[in-house]
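Each of the two complexes below includes chain A, the first together with chain B, the second together with chain C.
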Partner chain A sequence: MTVATAARAVGKGPRRRGRQRGVRRGDQFAGWAFVSPAVVLIAVFGLVPVVWSLLLSVQQTDLTSAGTWSGGANYTKMVHDPVFWQAARQTLLYCVLFVPITMVLAVPIAVLLNQKVRGMTFYRMAVFAPLVTSTVATGVIFSWLYNPQIGLINAGLDKLGLPQQGFFQSTGEALPAVVGMTVWGWLGFAVIIYLSALQNVPRELMEAAALDGAGRVRAFFKVELPLLAPASSFLLVWLTINALQLFDEVYVTTKGGPLHASTVLVYYLYQQAFVNFDGGYAAAIGVALFVVILIVTVVQLWLGRRTSHYEAG
Partner chain B sequence: MSQTTTLAAPPRATPAETGPRPRRRRPSPLHLLLVPLTVVMLAPLIWMVLLSISTEAETRRFPPGLPGGVHWHNYLDAWQQAPFGHWLLNSTIVSVACVVGNLVFCSLAGYAFARIPFLGSRLLFIAVLATLMVPFQIVMLPTLIVVRDLHMTDTLGALVVPNLATPFGVFLMRQFFTTVPRELEEAARIDGAGRLRTLLSIMVPLMGPTLATLSVLTFLNVWNDFLWPLIAIQSPGNMTIQLGLQNFQGAHLTNWPVLMAATVMSQIPVLVLFVLAQRFFVRSIASSGFK
Partner chain C sequence: MRATPQRAGRRLGVRITAGAAVLALGTLAACSGGGGDSGKSHDAIIMWHGYTDVENKAITQLGQEWNAAHPDQKVNVTFAGSNDDALKKTLASFVSGKTPGVAYEYGSSITTLAQRSQTQDLTSLVKGTPSFQWNDFFPAARQAATTPDGKIYGVPALVDNLALVYNKKLFDAAGLSYPTANWTWDDFRNAARKLSEPSQHKYGWAYVNDGTEDTVWRYIAMLWQAGGDLLTPDGKKSAFDSPAGLAAMQLLHDMAVTDHSVYLDTGDGQYQNLFNSGKIGMLWTGPWDLGTINKDISYGAQFLPGKVTHATIAGPDNYMLFNKGDRTTAWAFVQWLDSAQTHLKFAIATGDLPLRQSETQLPGYKDFLKRYPANQVFVDNLSKNATKSRPNIPAYPKISQVLGTAVQSVLLGKAQPQAALDDARQQVDQILAGE
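And now, the complex of A and B:
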């Protein structure tokens, strides 16, 4: 809007009116020519499939042949499907564990990485390295760490005289084990967000606090921590949205087992579409997931407005 | 302990102004916290590398230590048991193609959205922003049907074409162009340069860091992608390294050193890129909330 009006103001002038109109018509063509490759691709692979997903969710289809309309049958099936509800509960449990643990660990680490110390670039890179490690590689590494027979963690517990754990192979521990693995993978992300928020805290504020006699610890709780509120509300929502989409790590390590103990919504969606060939039902699960994510996003906007008065200038 | 940091101290003069240095500063006690943190975060990666050069018997030791010798043959074994070279090549082709596509298409679109007043520009941009918020899992089933209708099932094209332009790239580029002073291009226009010419000769030289950011993020995203290759590719010859590694794991779960060697190979390009382009990673993740 502002861009368009500003450009029009620039283009308007007493001289060469005819030529100006030509330029504007040229802009119409240039604008569409410039955006169309990207817009066509994004429409075909992003926008149209959203609507298509809704249509698939009211069909019976194996995705390879034409489907038949089935009304709300997939949604009725979902409501009465105990495994779906188990997957939904486990997805919720995963979010409730993963998101707060990641955020609580990230704050002190970000504060630590915000200090001026020799070799800080190296320390930061070490904390960020898991972030670029692929989910498949992460899964392989943790499959060994958690391995009940030869894994490092059980070997350590054994040396300490503590009982051995089943981790991915135990129904009670598989989901918490996935949480441990993904916290390692995502911690660097949360640290980056907090670190950039800390670096935006005006120096004068901290200096003023120091002059007023606040110690470093007190200054942190009274000055820096409140200023981290926008970063926290962003992370809360962003980590939740990504936690709702958990798939790779589960596929690579537990395959949703044992006995569905680590089956989360996207894994169940995948299973329905590509193991049971029930594409319509998978699409319905996707729509349900989309609705949840949409709600989380709306809450983000609401939270963002509520906390925006903390934003440092 | 944290009292020693500079934040509590009054603003210091820069080193250049202080003249002769008073004395070497003592190492900060913060290292006592930073070193263990680093060890915990790096430990899984270090073990991955150590296991990859160990013998099978050494994987059961506790506490873990340096292997008795460097057993490079694990890498050779992994390489001979599966077409790793082929998978690495596929991943490289797909990633580079997607990087080039994003650089070209997103720059063009971002420039037009930021600078060219054309009918429908606002509406189109809002539509692009909307797709930014749609999770991939929601659109993957219809996308698979589209790819099949384009006769690209089980080809590298299925991995490239849907990722040639991303809403994130368009958004990043538009943000960049809105920060460039308008006067720069006006001079070019008065000299008679068209839009494309202005973009190429005035804007591109300024775009280095932004293009690097987009390249690095696109590369990382495509190289590490798993779910889309999993459903789009069936034949081993067309697999990417992540998909190949996962299949390899399924078939070779018992030989950990060989599996770890394979895992190291799948990560080398990304870790090298990370070390070289760390600041672009950090900056773009901080500004875009992207993983």
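And now, the complex of A and C:
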């Protein structure tokens, strides 16, 4: 408790503010000059689309001809659209499943990959490989694996005497099946983050723990795991943002189906914008998603700052 | 009033931004002006298509042939990404100003594109050019190029339709005689049941069940076979919630849910691989799938089974022309591309069906049939069974989505046929009433 408050006190404002006051005008110019390319890029590819989406969301437009102003009509439609709410629920469910599963699975794998064993590079590569596999390839592979009639997974279940599953073709299983596929795809990323965090754990700490009589397991839980907190909070934010923006995997496998069972918000947005050419409504969905992501990120960063006691590096 | 340093800085910023914007706009204007929107220009007419493989080669070859014969009217035949994205790309090109002169578009895109000022109304050209012989094209293709108000916005680029393709070996093994032109739905259902062996993952039939138009158009064919129709003749209300619509849904339900004789494909085309490995006995598919069937599979093609008729559904695509560049050249090129002689060359190279009735009278047509014997059925379908086309109305994509969900829910056993129809009727009528 005391440690926590102390850490918070250290991270508090005065120091930062003080530093800023000391900056001279010339330095400020140099600073802006250095970041200006990034600022321009962010403005053009980040801010402009956001503002434009806001404008689109209060219009009826097919994205190519001039739209007509419609006020809050798109938002009213959204509130009364059952498929939108279904997509929102499913997006949330996807996040709640995908993020913790990925993180929980990544820790033990990272610990295993942190050992000194022959051929470790190979194992690390093997874990990382799914991340660099194209989504389309992943989708095709999993469509075959999950195939209810001829898929490998069902063949395995059959051997074990377990009932056959429908996976992508079942309304109840399509979303969990997408979770399984994306966890496989993103696990390597989480493992790499944890691995680098583990390698930054000071040796002295582990040695001190050993001297104090802590076994390997105890040392992990008492020393290493708490030190992974910054990595965890980074992953939490990063994976959640990615999860909220899930699209490609759904597009190449289930197309949001069957019967909207795996329709998530971004996929629904895509359908509205580029299948129905209802640009205004799609923009409204985009704005809703933007607000949700903003809130989630702010809350997570705030929680992360409150809970992680250690400064990275 | 003296400006504070801060304000001055801000104003300078504004001026720079404004200047940049003017510069950017100027560049854009210069770019889009360069094409020469009216009159003659020496720039080649750009034609976008989304063909790959064999078709790509054939169309590129035709482009070269044209250019060799018309050095003053050059055409630049360009692959512009898959045809699946043609509509999106074309609409985007309207915004950017880099619109092609001609583009291959799916038949379903005509309603969206016809509403744009950039799209050329071809009615007077088509009707005013006797040598073009508009009535020589097959009826479904002509309908697909015409909007409900009778205006022609495209010329046929491709015609196809669905027929029953079956694996002869599997029929022999099951002791079944091959499908005939007079097959009924009962014959079809029985054969599918006998060809199925769920324990060995063998299925009599495959149905694309992703809820897209691919799911819908097979259902529409069945609806027509039962004597029903999608909408009322004036296009103002739904008409599929009828005894015919119910019979079609019931057949799907009986085969998929009761008999388990249908492989439900999620839309990734695995049915092709399964047909090739002898796991699926029958497909309802078009000529485009014949090329992917393995050489060692002995297959036959037949008309679709029927109830009242043996109706099939065609999915004709169009070449559409835009108000860009030299329109005389664009029209001349498309006329040549659509002439019986030129298209027959393309058909022989690719296996695409003939576009014109007169094409089947040309001497080279025999070579075409020799090369693609199964195509005889598809060609016969063109004049006999492909008599209707889907309504060319702007609301069609939305109607298709509703029907896709309805058919999917029946195939998955999530809804009873009548309930699915009732639900879909309500939604479609709402869409047609303007929501």
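One rule holds for everything that comes next: the second predicted complex is superposed on the first by the 262 of 313 C-alpha atoms of A that agree within 3 Å, B and C clash if a C-alpha of one lies under 4 Å from a C-alpha of the other, contacts with A are read in each partner's own complex, and residues count from 1 in each chain.
By definition in this document, contacts are C-beta pairs under 8 Å (C-beta built on N, C-alpha and C of every residue); 3 or more make two chains touch, one makes a residue touch a chain.
Note that the structure is a prediction, hence the values are computed from the model and not measured.
In the superposition on chain A, A:N276 makes contact with chain C only, while chain B stays out of contact range.
Touch criterion met: A:S65 reaches chain C, while chain B stays clear of it.
By the document's definition of touching, neither partner reaches A:Y75: not chain B, not chain C.
By the touch criterion defined above, A:I150 reaches both chain B and chain C.
In the superposed model, A:P37 makes contact with chain B only, not with chain C.
By the touch criterion stated above, A:G257 is placed in contact with chain C alone, chain B being left untouched. In the superposition on chain A, A:V140 contacts both chain B and chain C.
More residues of chain A lie in touch with B than with the remaining chain of the pair chain B and chain C.
Residues 63, 140, 143-144, 150, 274 of chain A touch chain B in one complex and chain C in the other. Of all residues in chain A, those touching chain C in their complex are 62-65, 140, 143-144, 147, 149-150, 168-171, 253-255, 257-260, 274-277. Across the interface of their complex, chain A is touched by residues 88, 91-92, 94-95, 112, 116, 201, 203, 209-212, 263-264, 266-268, 270, 274, 279, 397-398, 401, 405, 408-409, 412, 414 of chain C. Of all residues in chain B, those touching chain A in their complex are 2-3, 5-11, 27-28, 30-31, 33-34, 37-38, 41-42, 44-45, 47-48, 51, 59-60, 62-64, 104-106, 108-109, 111-122, 124, 127-128, 130-131, 133-146, 161-162, 164-167, 169-170, 178, 182, 186, 194-196, 220, 223-224, 226-227, 230-231, 242, 245-246, 249, 253, 256, 259-260, 263, 266-267, 270-271, 274-275, 278, 281-282, 285-287, 289, 291. Interface residues of chain A, counted against chain B in their complex, comprise 1, 3-4, 6-8, 10, 24, 26-28, 30-32, 34-35, 37-39, 41-50, 52-53, 56, 63, 109, 112-113, 115-119, 121-145, 150, 152, 155-156, 158-159, 184, 186-189, 192-193, 195-196, 203, 206-207, 210, 215-217, 219, 234, 238, 241-242, 244-245, 247-248, 251-252, 266, 269-270, 273-274, 279, 282-283, 286-287, 289-290, 293, 297.
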